[in-house]
Amino acid sequence: MAIEAYSGDGWLLTKLEQLINWGRKRSPWPLPYGTACCGIEMMAALASGYDMARFGAERPSFSPRQADVLIEAGTITKKMVPILKRIYDQMAEPKWVIAMGACACSGGVFRTYSTLQGIDKVIPVDVYVPGCPPRPEGLLYALLKLIEKIEKDHPLHKKAVLLKGELQHGTQR
Amino acid sequence: MGPVKQRIASEDYVTINVGPSHPAMHGTLRAIAYVSGETVLGTDLEIGYLHRGVEKLGENLTYHQFIPITDRLNYCSAIANNVAYEMAVEKLMGVEVPVKAQLIRIIMTELSRIADHIVLVGILGVDLGAFTPFFYLFIQREEIYEIFEWYNGARLTNTFGRIGGVESDLPEDFETRWHELKKGLEKAIDETDKLLTHNRIWMDRTIGVTPISAEDALSWGFTGPCLRACGVKRDLRKDEPYSLYSQFDFDVPTGKHGDVFDRYMIRMIEMQESMKIIDQAFDLYKQLGPNEPLMAKVPKIIKPPEGEVYHAIESPNGELGFYIKSDGTDKPYRIKIRPPCYMIFQAFDELIQGEMISDLIACLSSLNIIAGELDR
Amino acid sequence: MALKDSVSRLLQNDLIALEESAGCIFAEVPKDKIVSCLSSLRDELGFNFLSDIVGVDNSALYEAKAKKAKKKKDKEGEENETPEPERPALPRFEVIYLLLNPDTNERLQVRIRVPEDDLKVQSITSLWKGANWPERECFDMFGIRFEGHPYLRRLLMWDEFPAHPLRKDYPLEGMGEERHLIYEPEGEGHWT
Amino acid sequence: MAKPVVQRKYTLGERIYLVEILKGLGLTWKHFIFNFRASLKPGPHTVPTCWQYPWDRREIAPVFRGEHMLSLDEKGREKCIACGMCARVCPAQCITVKKGKVKEGEEEKYAGKFYPASFEIDLLRCIFCGFCEETCPKSAIVLGQGYELAQYEGKECIITKERLINNFKAALDSGNLKPPRKKVPVAGAKEKKSLKSGDKKGSKAQEA
Amino acid sequence: MNEWTIAIIKVVFIWSWTLLIATIMTWVERRGSALIQDRLGPNIAGPFGLFQPLADGIKLFTKEEFAPKHAHKILFTLGPVLFAIQAFSAYAVIPFGDKIVINAKEIVLQVADVNIGFLFVLAVGSLAVYGFVVGGWGSNNKYSLLGGLRATAQLLSYEVPLGLAMLAVCMTYGSFSLREISLDQAGTFLGFLPNWGIFKQPLGFLVFIVAAYAEANRVPFDLPEAESELVAGYHTEYGGMRLGLYLFGEYVNLYTLSALMVTIYFGAWHIPYVDMSSYLGPLAYGIVSFLVFFLKCAFFLWLFVWVRWTIPRFRFDQLMGLGWKSLIPLGLLNLFVTAFLIQITV
């Protein structure tokens, strides 16, 4: 790779990035982490009425290794925190999180001793979807916003910067 | 039962953690299955992964503010919970709800019963590998969402009704929507029936799987379709007729062996029964005039007299009861919710002994365990 | 009314109180006789369906009553000096068993009072298998221990949870208990 | 306890797998052909039971409880008098209202003597139950039909007064404003009196 | 154009053709299942969603590659590779068309005309078991271990009826080489019936198609990766392109099995009452024979998808019961009947 690709936006780098982003954008396989009422509304979004499969999210995979988007639908109680954290850690690297519904975004109406007040205290969240539960169109709108975010991502840049960083520190991956 | 480990004699078992985030575990149930080969020796059940402290929250909210919390309990049929809670408070206050409001409540409860059975039959099919009936049935559930949305503006958690009555009248085009829905429902139920009921693979997978005898079911505290599957003809709408159910004629289907097939068949028949009830209720509704009262005379801030009440209605899963203790203020002193699937899920360990892993999944989704209602 | 008479006839000496509130009949029975009373209710009167077990913490209710009584006393205090006889402090906790007779469709609620210093109650899992989880939940939420329960441990909260949340002195937002994910130490794998 | 052994004799048709499987295949084929032919039609709404969301939106009920808005009366003045009833009745405590006294210069901008200096709704907490709309004495706060609320940061979901008013203006222009709430007839109130008190009591039947 | 280049061209053509069919199959499966379930399926990536497999491929390629901590590194990566090798190599002996003549050089449209083609296919078919077991056991996950165990039992116990059914066909056409079998299927017998395997071996075809579904892990028999029971069966721990290899291998397996079915039972490239070679020129004839063969395969590929979204899944003991107690006796019965018939007619 020419040194220019390392630092600047070489033609090859950006075009390759656009291709990678297009691939990731068009097939976001969801991990439907449906715990409460939002899980039922997510089922409605996956069912034939609104059909999330049109966006390529056809294959809901329950194994975190194969999923890209963790759709956290429903309340996360403090008892569930380690399980959610572990599932998030097990997911393969280009991973995103959609916090669906008031309970996932902020604990919603349950300001009680056993509810986690918002999953952003445990895992980084990419898109917040208010609503209790949000309409399936609201979830699809969030998916569209996530797709916009994936489009503007720079996977190769990150990798390049990481490599450059490593070269300086001399740590070998 | 004691810890499963002591009960298992043989040492060669593997513990499989059918954990909270498992496709067939409705999101928040955990069963540590002790499996040797394919047969399940026993399961340690762990619930509480969706315990949101609803009862403690109830003690800090007024009676009126607690209504939206009740429809987050059994979120597949939210309206049944609202009606159960409102009836308990009305019984505590001794308020008599006008006829038209009761009719609207009955129509909406029966619609949410159909919606709950749709989710059960659909998910039971998906868990046993038949993906398509879920989609045919879910289209009809979307039609039911439409009716709820045109009624008071929310699809799933619709804070239906107020203490003392109902917050608004049925929309004008309810009749056309209902007939359209009825045609669609009959078609969807008939298609699911054709796809599944006489299919030998389905019958092999469900007949004789985790049966339970009648007195065991009663001892465990079974209610609703799971109890009727064992042959006990018990339905709160018939035995303790509340509101206007005594005026409608509908029959209560019962099974023989209490296995997965009976639970599935009962829910399919109950959907047709509920449609009959809605027809009769809507005929009565049409005879009433437009400006019939919808709300009882209830003070602005609800302060029931001091006392306790326990009132139960027939929710789609069984007997859903509310125990409310009031100390005269506008906040309930103690609210205890008696969820039907809480008692049913206790028996899961005894039901599943000696069955196979695939039956563990089939039995669990036939019991229709809703975590919101189970852990409160 | 037939139910009230038959209940009072059945538990003559054990019956402490028999109230009716909002259409539900509440029979109060001493704490240590609960198993015998429930088994006789089940066998003779046919209440063979246990609907639920409800735990109640009455501490806040008695305080409110005591405050009201004191306020009333202060108001009356100016007129007459005779202090009211101080009512014996009622035990703090209460466990209510909701019974149902499936044949006659009558419901009966049996109540026992559990003082705070001696939180022990006989478990009724011998009578009904269905009492297993409600008793565990009552222990989890109020700390009432049930003797003879096959496997008494927390049901809804995680096992290391320090407090009993449904007690009135426990705040709604909780006291900041957290549950953290600890990755098990770098054990040697099955294969290198 | 011995589990009851369940045996059910299968009819010949059920015993052979093929008969039922072919019937099932026939049924799915009918669906496939119907949908295949429908999907060839032009236009976003091809298969009748599937709405392709961004291009072909489903009809939303006029009473749908979506994003809030602060309504203005006919003369364009803000109806809200910052009384805080909605903040008290909200089960999720997600409305924060700061009251401000109307100074002389801005009479025509506000309907009452007080006006909300700041009116914030934390959408991340809100459960869209519609209690605020029901108890508002001036029916100032109304739940509109907006459902596209997803944001990248949580902070953007706390909507302020300007956005609430813009929502109302947008709804006003697009014309799908909500019909005013019909009065709920109350039982027992005497006929004549009920017209006056019933009307007052009815609409605020569940005020707090 | 000596011998070597032709062989290489054939191999490259067949290899890329099966890859293309496998990608199109993922699209057909997702669109077909959607249209069966009253919805639309992927239609945003490209016209009618045709680039969806491409998008999946790119995403799987660029996913982070990692193996679970306690997984056995070598076995973990070997699993999918073994499975993919088996899926492609079975295609070496299957004739995908008759002959083609280019500048007076006759090329047989078959990679290798091995005279024991039938045994080769069976031998390679049983390699698939290694793919599942090695992958399942290597990823140190109880679900994938269970998936691997189920896969072993299922594939081994359904090899037997598969072999029996194919044996009966080889007996009727008197040879093991698939090329001769497909050549013999021209013409008619008993006056009006075309000389295809299905009319000579109706029972054999029934046994074969059920065993083929079990070999390919398609729905009534998809216990090894039962979505709702064992999270994702043997490929629970797999992500990125390793998972891609498994999914791809599955679709290539489908194509191989349906090609096998067409070769043996449906007269590989023959149209019943028409002798094509007399009308068309040599070059056109080769291409048309290839297309006819492909169209018949396409029908069976669609049948795989169609059945998947209609019927539920077996339980494990019923699966074994069906295999041992009904398919193998049927296969043996079919074998004896054909032997008896051959004895009489010859």
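By letter and in written order, the chains are A, B, C, D and E; residue numbering begins at 1 in each of them.
Here, contacts are C-beta pairs under 8 Å (C-beta built on N, C-alpha and C of every residue); 3 or more make two chains touch, one makes a residue touch a chain.
Treat the numbers as computed from the prediction; the structure is a model and nothing was measured.
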Topological distance between chain A and chain D, in contact steps: 1
Chains touching both chain B and chain D, listed by label: A, E
Most heavily contacting chain pair (counted by C-beta pairs in contact): B-D
Furthest chain, CA centroid comparison against chain E: C
Centroid spacing, where centroids are CA-atom means, of chain B and chain E in whole angstrom: 45
Cα-centroid distance, chain C relative to chain E, in whole angstrom: 65
Whole-Å gap between the CA centroids of chain A and chain E: 36
For chain C, residues that touch 2 or more chains besides their own: 156-158, 165, 170, 172
Touching two or more other chains - residue numbers and ranges from chain B: 22-23, 48, 51, 53, 56-57, 68-69, 132, 135-136, 139, 157, 195, 199, 201, 216, 375
Multi-chain contact residues (two or more partners), chain E: 36-40, 43, 227, 231, 309-311
Residue numbers on chain D that touch chain A, as the complex places them: 47, 49-54, 57-58, 91-93, 122-128, 147-154, 157
Complex contact set, residues of chain A against chain B: 33-37, 39-41, 43-44, 47-49, 62, 74-75, 77, 79-80, 83, 87, 103, 109-115, 132-133, 135
Chain C to chain B touching residues, read off their complex: 21-24, 26, 48-52, 54-57, 60-61, 64, 96, 98, 102, 105, 107, 109, 128-130, 132-134, 141, 150-151, 154-158, 165-166, 170, 172
Complex interface listing, chain B residues touching chain C: 1-3, 47-48, 51, 53, 55-57, 59-60, 91-92, 94, 216, 218-221, 232, 234, 239-240, 307-310, 312, 319, 321, 323, 325, 327, 333-334, 336, 338, 342-343, 346-347, 350, 375-376
For the chain E and chain B complex, residues of the former touching the latter: 33, 36-39, 142-143, 146, 219-220, 222-223, 226-231, 309-318
